[in-house]
Amino acid sequence: MTDLTIDLGFIKLKNPVIAASGTFGYGLEFAPFFDLSKLGGFVVKGLYFSPRPGNPPPRLVETPSGLINAIGLPGVGVRRFADEILPQLRKIKTAIIVNVCGENEEEYASVVEFLDKEEGISAYELNISCPNVEKDGLCPALDSEATFSVVSLVKKTSSRPVITKLSPNVTDIVEIALSAQEAGADALSLVNTLLAIAVDVEERKPVLGNIFGGLSGPAIKPISLRMVYQVVRRVKIPVIGMGGISSGRDALEYLITGAKAVEIGTANFIDPEASIKIIEELKDYCEENGFERIEDVIGTIKR
Amino acid sequence: MTDLTIDLGFIKLKNPVIAASGTFGYGLEFAPFFDLSKLGGFVVKGLYFSPRPGNPPPRLVETPSGLINAIGLPGVGVRRFADEILPQLRKIKTAIIVNVCGENEEEYASVVEFLDKEEGISAYELNISCPNVEKDGLCPALDSEATFSVVSLVKKTSSRPVITKLSPNVTDIVEIALSAQEAGADALSLVNTLLAIAVDVEERKPVLGNIFGGLSGPAIKPISLRMVYQVVRRVKIPVIGMGGISSGRDALEYLITGAKAVEIGTANFIDPEASIKIIEELKDYCEENGFERIEDVIGTIKR
Amino acid sequence: MIKDPQARIIGKENWKDYYLLSIESPRIATQAHPGQFVMVRITSHSYPLLRRPFSIHFKDERNIEIFFKITGSGTGILSQKKSGDTLDILGPLGKGFHAGETLRGKDVVAVGGGRGIAPLYFLAHELRSHGAAVKIFYGGKSHEDLPLKAKFEENGFELFCSTDDGSLGFKGLISDYLQTELQTFNPARIFACGPEPMMEKIAEISQSGDIPTEFSLESVMGCGFGACWGCVKRIRKNNHEGWVKICEEGPVFSGEDIIWTEVEK
Amino acid sequence: MIKDPQARIIGKENWKDYYLLSIESPRIATQAHPGQFVMVRITSHSYPLLRRPFSIHFKDERNIEIFFKITGSGTGILSQKKSGDTLDILGPLGKGFHAGETLRGKDVVAVGGGRGIAPLYFLAHELRSHGAAVKIFYGGKSHEDLPLKAKFEENGFELFCSTDDGSLGFKGLISDYLQTELQTFNPARIFACGPEPMMEKIAEISQSGDIPTEFSLESVMGCGFGACWGCVKRIRKNNHEGWVKICEEGPVFSGEDIIWTEVEK
């Protein structure tokens, strides 16, 4: 029996496969397809303090092997989340991670402050990297000082581990990663989507209601994997890799590169059972290649 | 008859379709397929002063709707180019653009100095953005000061127009674009490839001999098009757009967004006649949509 | 909501750009209601990436049918599949039309424009089985856009056809044809599916005649089951306007709840 | 070098993972030589993106054949094509084997491992037509990897088969089989195509016997016609080592020019 557990230091996962924020609803949407407790964990849709409507449609446009989304973080806000959703999630035996958003540093902190009083959350994932809420994709994760500042503030407020989610839209991902680490982040997750647009040539206008959106899916894997490769060499805290994972082999590319766990995003839409299949494929790989523990696969890449 | 000509200010093109550097050999490789003089222009493979062998193989790996290359700029050097290749290119009635490389600023300048004595070159394209020669993809186009410095130096040396080719691997493409403009660039071309890797999960090692490579092809179009969208709003000099163009509609997305011309890269490998087909499709679009001149399509995107 | 990764194509018909696939999927078939849809995976690799939504055109105990028009690469690839191939489908999804007992003995109208006819064949059967008298209005650009005319007729439905070019039936828009005909009778409900301008026109017509309506909306769908928030349209809900996921709360909405000015981009 | 965007598949054979397609493409057929290859476009959209290279397996005046094994998604999709479908192909590309008059009356050997047999059928015919006596060595993991055995035999070629598992012919590597047989005769040239370790072993064997060799190399190819610099291998040329484009200067190279330590990654 292969041991698929992963120790992130601050939390143990059943396996390295986590469903990514914004692509897994509040988790419950996937309950008809499989037993959610089979997952390593899942991250719920990004939460602001108050409910938000999100961006005007069209919110999605498909591109070659990719998807641009400009959902704009609609959501129920912390109160309804705590009252209506969290009680249902508590019954699921897996790591529940809340993706925390904010229009400014204080909002991040107040979301965490509010949720800290609620049971059943394993960690926060700080979404400082969403490219489709601000004009031109601005967000704290583009700047190492802004990153340091928001992560420090949240760490002061939070009694729970804080995973910081980085943006790929930067010149030097290592610099941002180091400043998140310095600010006290317990782990890093990378990456969020790549800032992108699409143009409707018949109407001669941007396709998305928000003009800008974030590119995800298989198209981006070569880029996000490269960032994971760069970051794992330079930080001490665990790195959770994501971007375009839709098969066990894709997940293995990240784990072999040095990510301690992976998040599955867009693939959940295409195959709601994608995460479960990936867990199976990881098991098969370990067996075929003589690894008794998936931990032994991590970071085995030859230089 | 639709007028497809484009005036870049410093040069007039028959049409807005230019074959991109590194994907079109020295041009002659495509002569068996079509009459090269039908193109708006073509950019030859990147040239350093001396001949270079390029990177160890594997140099290519395919990804979903994309291609990572780590060719590493092999080439014949300026002397053989001037002696053996340029004489053949002079006969072709289209804009011949030389992609200029350098290990340091001085080399860029000396390539230009050498070539300035040769007839038959329409412009230089300054390749300050190749991600697969230096470790970790370092290149001048990642930094606005380095960009300013090399562009100014080359402009001082060159008697010909200088197009500066930018890198997408930056936080703020507009900042780099503005500094190239300030340094005197006559036009900008964007973008070069995105820094990327791929991992062989059987061998547990990077696929490419050079580890890092540059991602191109349809996968990157949403990102490169976004950068063109951002840059055209902020600079005064013409912008040549590229990244993932393989059809007339792809080219139109760039032109509508505000690029004055486009370069066709990876698509040349898949269909050596891609550029010619794209020219036809642009003509058809103009006719169907009542544009007498392709210039009238440029920048028509609604806000 | 069922995922059937091995639903077998057992029949295929084709008229120019229009295709009908019969797909064996007993678990989806038994649960399906008119107006619901399925999400079909086009290829096992990454192009095209997303599943594509198709209304359930008809069903029996074991099989469902989808009827579609080639409009891009996904439908193009789907049209190449043949009997014996398997498809990975999710369904039935969404909430369907209200076609129940309350309509017994009443006149009802179902209006389909182009590929929008797809859900109405199943709906028409359901309405008839509940004792409603159904008139089908079926419009298209030319006679080639009305491939299902014969099938509706053979099944004994009363059919009103229109074409923009007059090559078949009434010359003009199907909404204009409906408006003319509404002078002679007063349906208890109008169901419609088709291009948004057509549906908006029908909403206007029915409002003036105070006829309840149900419209099946379209949107680009990321998932089809409520997880992506991608498919929203502006809908009134509990007296309050908001972006509503049409895959979950729709795709069928009551005409009075749809905010038409925002439905069309 | 010709681009034929409408080359029609006129025949298809299949043995487990191996496929043979006959493709009508008169202009490519007339120019083709053994050892040359074609670049086949798998789909008209972006996945898989690049064309795939295949050796010309055989030709007549109008048609060429390719013989391939499913090794990934591109060959998987290609294997689904059927008679009547058209393919977009570029060819003939590269430089082929030297199989001319100088070999008349001589013994020659062609060694194919697995799918590496592909170019050797065409080569064997060419050699025979020039009056050489050809022995074919054909190796694979098991008998299922030798689907062309019967065809070579029916065409009167002298065949030596090996399998790793002994399920057909000599048990062991084809290179070991060749080494054994070379004790009894001395060929004027050895041609080989297959996995690189196999070819390297043959290079060793032939070097000790001083037999000239020609090997068909593989590499990931971006274009197939010299434009991308992607397909290089380490080759000696004019007494000087360098990265050489195998699509242009190869894929066939003389054994003494190949720097084996660098050929395998």
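Should a chain be cited, it is by its letter among A, B, C and D, assigned in written order, with residues numbered from 1 in that chain.
In this section, a residue touches a chain if its C-beta (ideal position, glycine included) is under 8 Å from a C-beta of that chain, and two chains touch if they have at least 3 such contacts.
The structure displayed is predicted, hence computed values, not measured ones.
Colleague: Once the contact rule is applied, which chains count as partners of both chain B and chain D?
Modeller: Touching chain B and chain D alike, sorted by label: A, C.
Colleague: Which whole number of Å gives the spacing of the CA centres of chain A and chain B?
Modeller: Result: the chain centres lie 34 Å from each other.
Colleague: Mind checking the centre-to-centre distance between chain B and chain C? Centres are C-alpha means, answer in whole Å.
Modeller: For chain B versus chain C, the centre distance works out to 47 Å.
Colleague: Report the inter-centroid distance (CA atoms only) between chain C and chain D in whole Å.
Modeller: Going by mean C-alpha positions, chain C sits 53 Å from chain D.
Colleague: Going by the touch rule set out above, which residues of chain C reach two or more other chains?
Modeller: 45-48
Colleague: What are the residues of chain A that contact at least two other chains?
Modeller: In chain A, residues 64-66, 217-219 touch at least two other chains, as defined above.
Colleague: Which word fits the touch map of the chains here: line, ring, star, complete or other?
Modeller: Looks like everything touches everything, fully connected.
Colleague: Which residues of chain D touch chain B in the complex?
Modeller: Against chain B, chain D makes touches at 1, 3, 41, 46-51, 88, 90, 219-223, 225-233, 242-243, 262, 265.
Colleague: Mind pulling up the chain D residues that touch chain A in the complex?
Modeller: Residues 45-47.
Colleague: Mind listing the chain A positions that touch chain C in their complex?
Modeller: Against chain C, chain A makes touches at 22-25, 29-30, 32-33, 45, 53-54, 56-62, 64-67, 69, 71, 74, 209, 217-219, 246, 266, 268-273.
Colleague: Please name which positions on chain B make contact with chain A in the complex.
Modeller: Touching chain A from chain B are residues 63-66, 68, 136, 142-143, 169-171, 194-199, 201, 203-206, 212, 215, 217-223, 225-226, 229-230, 244, 249, 252-253, 256-257, 285, 300-302.
Colleague: Which residues of chain B touch chain C in the complex?
Modeller: Per the touch definition, chain B meets chain C at residues 64-65.
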